[in-house]
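Working notes, structure below.
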Amino acid sequence: MKKIVKNAEEAVQDIQDGATIMLGGFGLCGIPENCISALVKKGVKNLTCISNNAGVDDFGIGLMLQQKQVKKMISSYVGENAEFERQLLSGELEVDLIPQGTLATRCMAAGYGMPAVFTLAGFGTEVAEGKEVREFNGKKYLLEYAFDSDFAIVKAWKGDTHGNLIFKATARNFNPLMAMAGKITIAEVEELVPAGELNPNEIHTPGIYVHRIFQGANYEKRIEQLTTRK
Amino acid sequence: MLDKFGIAKRIARELQDGYYVNLGIGIPTLVANYIPAGIEVVLQSENGLLGMGPFPFADEVDADLINAGKQTITTVNGSAFFDSAMSFGMIRAGKVDLTVLGAMEVADNGDIANWKVPGKMVKGMGGAMDLVAAAKNIIVAMQHCDKAGNSKLLPKCTLPITGLGCVKKVVSDLGVFNITEQGFHLIERAPGISTEYIKEKTAGRLVISGNVPEMILD
Amino acid sequence: MKKIVKNAEEAVQDIQDGATIMLGGFGLCGIPENCISALVKKGVKNLTCISNNAGVDDFGIGLMLQQKQVKKMISSYVGENAEFERQLLSGELEVDLIPQGTLATRCMAAGYGMPAVFTLAGFGTEVAEGKEVREFNGKKYLLEYAFDSDFAIVKAWKGDTHGNLIFKATARNFNPLMAMAGKITIAEVEELVPAGELNPNEIHTPGIYVHRIFQGANYEKRIEQLTTRK
Amino acid sequence: MLDKFGIAKRIARELQDGYYVNLGIGIPTLVANYIPAGIEVVLQSENGLLGMGPFPFADEVDADLINAGKQTITTVNGSAFFDSAMSFGMIRAGKVDLTVLGAMEVADNGDIANWKVPGKMVKGMGGAMDLVAAAKNIIVAMQHCDKAGNSKLLPKCTLPITGLGCVKKVVSDLGVFNITEQGFHLIERAPGISTEYIKEKTAGRLVISGNVPEMILD
C-alpha cells in the first residue's frame, strides 16, 4: 500500500489543465492550503473547482483566481473577493451557484454510489430551472445529480499511512464528503501517523477513499471573521 | 418601534426548552443573547455544529472552530461536530425546531426573497435555500420597510425567490405577523406603533382582528 | 431539555400495538437488549419491525417472536431462528426481505430528509418487481423509498444527557442510521454521562436525533459465532 | 481437482498490493489465509469494518467486534469502523477492488444465483445483492457441480437471480474461467483435470483456445 507522497507538489503533479477538482473547506476553515499553493506553483489552467466558497483575494482559492487558473467555480457562496467579482463581470469566470446542502449532498451521493438525489432546496426558484421536479408525500423535490470530479483535495487534522482521516471541529465541513467523491482523493494532514495510532472508532474518513496522503507544512489557518468577547 | 435588539428579544420569546435552533446572520444572531432563563436551547450552525457557544475569549480563538457566518466561536457542554451533508440532512428531515433568518422581502403567502438583487453582484444563496425549503418553522426577522419607506411585506415578492410559502411568522420593527391563508395576521404591535401605521406600511394582505395588543418587552 | 428517562419501561411506554419500529444491531451485535425486554414485558402486539436480522430463538427480536408480538419483519437476513420459520410458514408472520445496503440506505434517507434513493442492488431480480427502474450513465437503478417509522430504538456504547451517542466497533452497524430515522428515537447506552464529557469531535449521532436516553443494565451481549485462534 | 483450500489459494493470486477486498462466507473467507507475501490487502466486512484481522485469542474476544458472518474477529493496524450505509456506499461507489463470494449457479453471461432455493426456507439475501450489483470485480468461488454431478456453470441460471451479468471470473474445483462475451473462457485447469472433463462438466458456453495450462499451486 503506497499512499504516502512526499509533499503537495508530488500529490498534485498529475492534475492537468481542464481538470475538475473538489476542494474541501468552508470559508477559509479547513481548506487544503498546501495543495492550493502547489496548484498555483504548477500553474495548471482551466480548472473547474467545486468548493463551497472561493477564498479571499490573497488566500485560499483566491490565489488560484489571481493566476487565472479557474474556468468555472461551483459553489454556494462566493465573492468575498474583488478579483473574483472582476473576472465574473468580465466573463472570464463562469459560476454555478448551488444551495449549500445540495452541494454537500451531491458530494455524498458520489461517495455513496448514488447517481442522483432528491432535495427540497431551490424548488420554485431560479435554481430549479431546467431541473426535474418530483412530488413525494405532497412536497416537491428537485432531482440533483452526483458530482463527477477527477480529483478531491481535502485537509484533515490527523491521518495515518492507510489514508484514514480525522477532522477537527468545524474544519470537517465538506472535507469528508469530498474525500469520498473524488476519482483520486488527495489528503493533506496536519499530523501523519503510522497505521494503528488512530482509534478505529474515531475515524471520520476510512482510508479506502483516500489515494494520496502527506503531512502538510506551515499552516496559516487564516481567520476570516475574528470575533471575541472580553 | 423595535430596534434590532427588540426584534431579537421578541423572537427569543418563541423559544421553548429543548429547541434546536438555527440562527441566520445579522439580527437572528442576536436572538442568542435573549434566550429566556430556565430553558435550554441548542444552536445549530449549518457548517457542522450543534451546541454553538458564545464568541471565544482572545486566548481561546481557534481557526478550526467557526460558525456559518465565519466568525470564531466556542462550543458548549453537549456540542457535537458533523459534516455538511449531515448538517443539511437534519435540516431537511425537519429535526431543527426553529429557523430564524433575515429577508429582503416576504410575501403574504410565505414566499421569501433574501439572496439576490438583480443588477448587483450575486454572492450566492449559501444555505438559505436549503433552510427555507426544509425547516419546519421559520421566523423572519426584518425591517418592515426599505430605506425609501416602501413595504417589504408584499403581496408578491419582486426579487428572485429563495423559497415558496415557507415563512410562518415575521417579526419586524413594527409588529409580529403570523402568515396565514389570509395573509399577514398582525398579532402584536411594536411599542408605540398603531394599527393604522402598520396598515399604511404593509403592502401585502393584512389581517387585523379585534384589538391587537401592544407588545411589552421586559 | 428532558431526554433522560429512568429505564427501558419508561422509554417504550407509549409504543402502541401496530407501531412500526426500527431496531438497531447486526445479528446480536449492538441490539437494544433492554428495550427489547421491555417490549416483551409490555406485550405490545402487531408490530412491524425494521431490523437487519430477527435475533435467535431465545435472544434479541426472537424473544418478541416467541410472544407473537411481530406482525411483519423488514430485514435482509432472517431465520437463524426456528420459531421465526414456523410463524413464517404458517402465515402468522409476514416478511419483507430487502438487500442489506438498501435497508441501510433507506434508513439514512429518512434521517437526511431524502424521500427516495436510487440503488443498484436487486435490479433484474425478484426484489425489483413492481419497482421503478431508471438508468443513469448506462447502469440501471431501482428507486427505493425512505423508511417511515414511528420509533427507532438503538443501543450505543456511550451517550450524554443531550442525546449524543458514540457506538463501539462493529456494534455501530445500523444504529446511527436508525437513530436518524425514527419519528421518536430511543437510545439505550452502556454508559450515560453528563453533557460535556464526550468529545464533540467523536460523536457519531448528534443529540438532535435522539429523544429519549437511558443507561441500560445487565447487558448480556450474546455472541452468535464464537470464533477464536490459539 | 482443487479442494476448498486450493480454490482459496488460487483466488489469493488475484490479489494485488493495496487492494480493498470483501470476502464472503465459506470458501471466500479462506482466501485471507493465502495473501501473498509482500503485499498488503485490506479486508472489508460489510457490517462496518475496514481492516479485518484474524480471529481473536480467547482472552481478546469482544462481542462488539464481529464480521459479516457474525464471527468474533479482531482489527489490524489501520482499521476503521463505520455504519452500514457508508459500508454499502463504498461498495456501491466501486471503492472495493475485489469481491469474492460463493454461488449456487453462475451463467455464462455472468449472472449469479446464490440466495434462494424455491421450496426451501428463504433466509434472505443479506448484502449479496448489493455486493454483486455494485462491486467492480467479482470472483466466484464454487464447486463446479452439485452433489448429483450436474454442472453449476450454466447457459442460464435456473434459481432466482442475485444479480445480472456481474461475475468476472469463476474459480471452481475444476479450473479458472473468465466470463467473456463468448461464455466461460477456461484459462487454467485444476491439477489433474483434463479439458475434456471440464467440457463434460460445463453446461454453459465454454471457450477453450489453444493449450490450457494446468495451474501450479505452491
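Letters A, B, C and D mark the chains as written, and numbering starts fresh at 1 in each.
In this section, a residue touches a chain if its C-beta (ideal position, glycine included) is under 8 Å from a C-beta of that chain, and two chains touch if they have at least 3 such contacts.
Only a predicted model underlies this, so the values are computations on that prediction, with no experimental measurement involved.
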Length of the shortest touching-chain route, subunit B through to subunit C: 1
Subunit C and subunit D, separation of their C-alpha mean positions in angstrom: 29
Inter-centroid spacing, subunit D versus subunit A (mean Cα positions, whole Å): 36
Euclidean distance of C-alpha centroids - subunit B vs subunit D, Å: 56
Approximate Å spacing (C-alpha centroids) for the pair subunit A, subunit C: 33
Junction residues of subunit A, two or more chains touched: 105, 112-114, 119-120, 167-169, 200-201
Overlap residues in subunit B, where contacts from two or more other chains coincide: 49, 75, 81-82, 85, 88-89, 91-92, 134
All touching chain pairs, where touch follows the definition stated at the start: A-B, A-C, A-D, B-C, C-D
In the complex, subunit C residues that touch subunit D: 26-30, 52, 75-80, 85, 88-89, 97, 99-105, 107-108, 119-127, 157, 167-177, 204, 221-230
Touching residues on subunit D, where the partner in the complex is subunit C: 45-49, 54-58, 61-67, 69-73, 75, 81-85, 87-89, 91-92, 121-130, 133-134, 160-164
Touching residues on subunit B, where the partner in the complex is subunit C: 17-18, 20, 40, 42, 44, 49-51, 75-82, 85-86, 88-96, 134
Of all residues in subunit A, those that touch subunit D in their complex: 1-3, 110-114, 160-162, 164, 180, 194-196, 200-201, 203, 206-209
Interfacial residue positions of subunit A with respect to subunit C in the complex: 105, 112-120, 136-137, 139, 141, 145, 166-169, 200-202
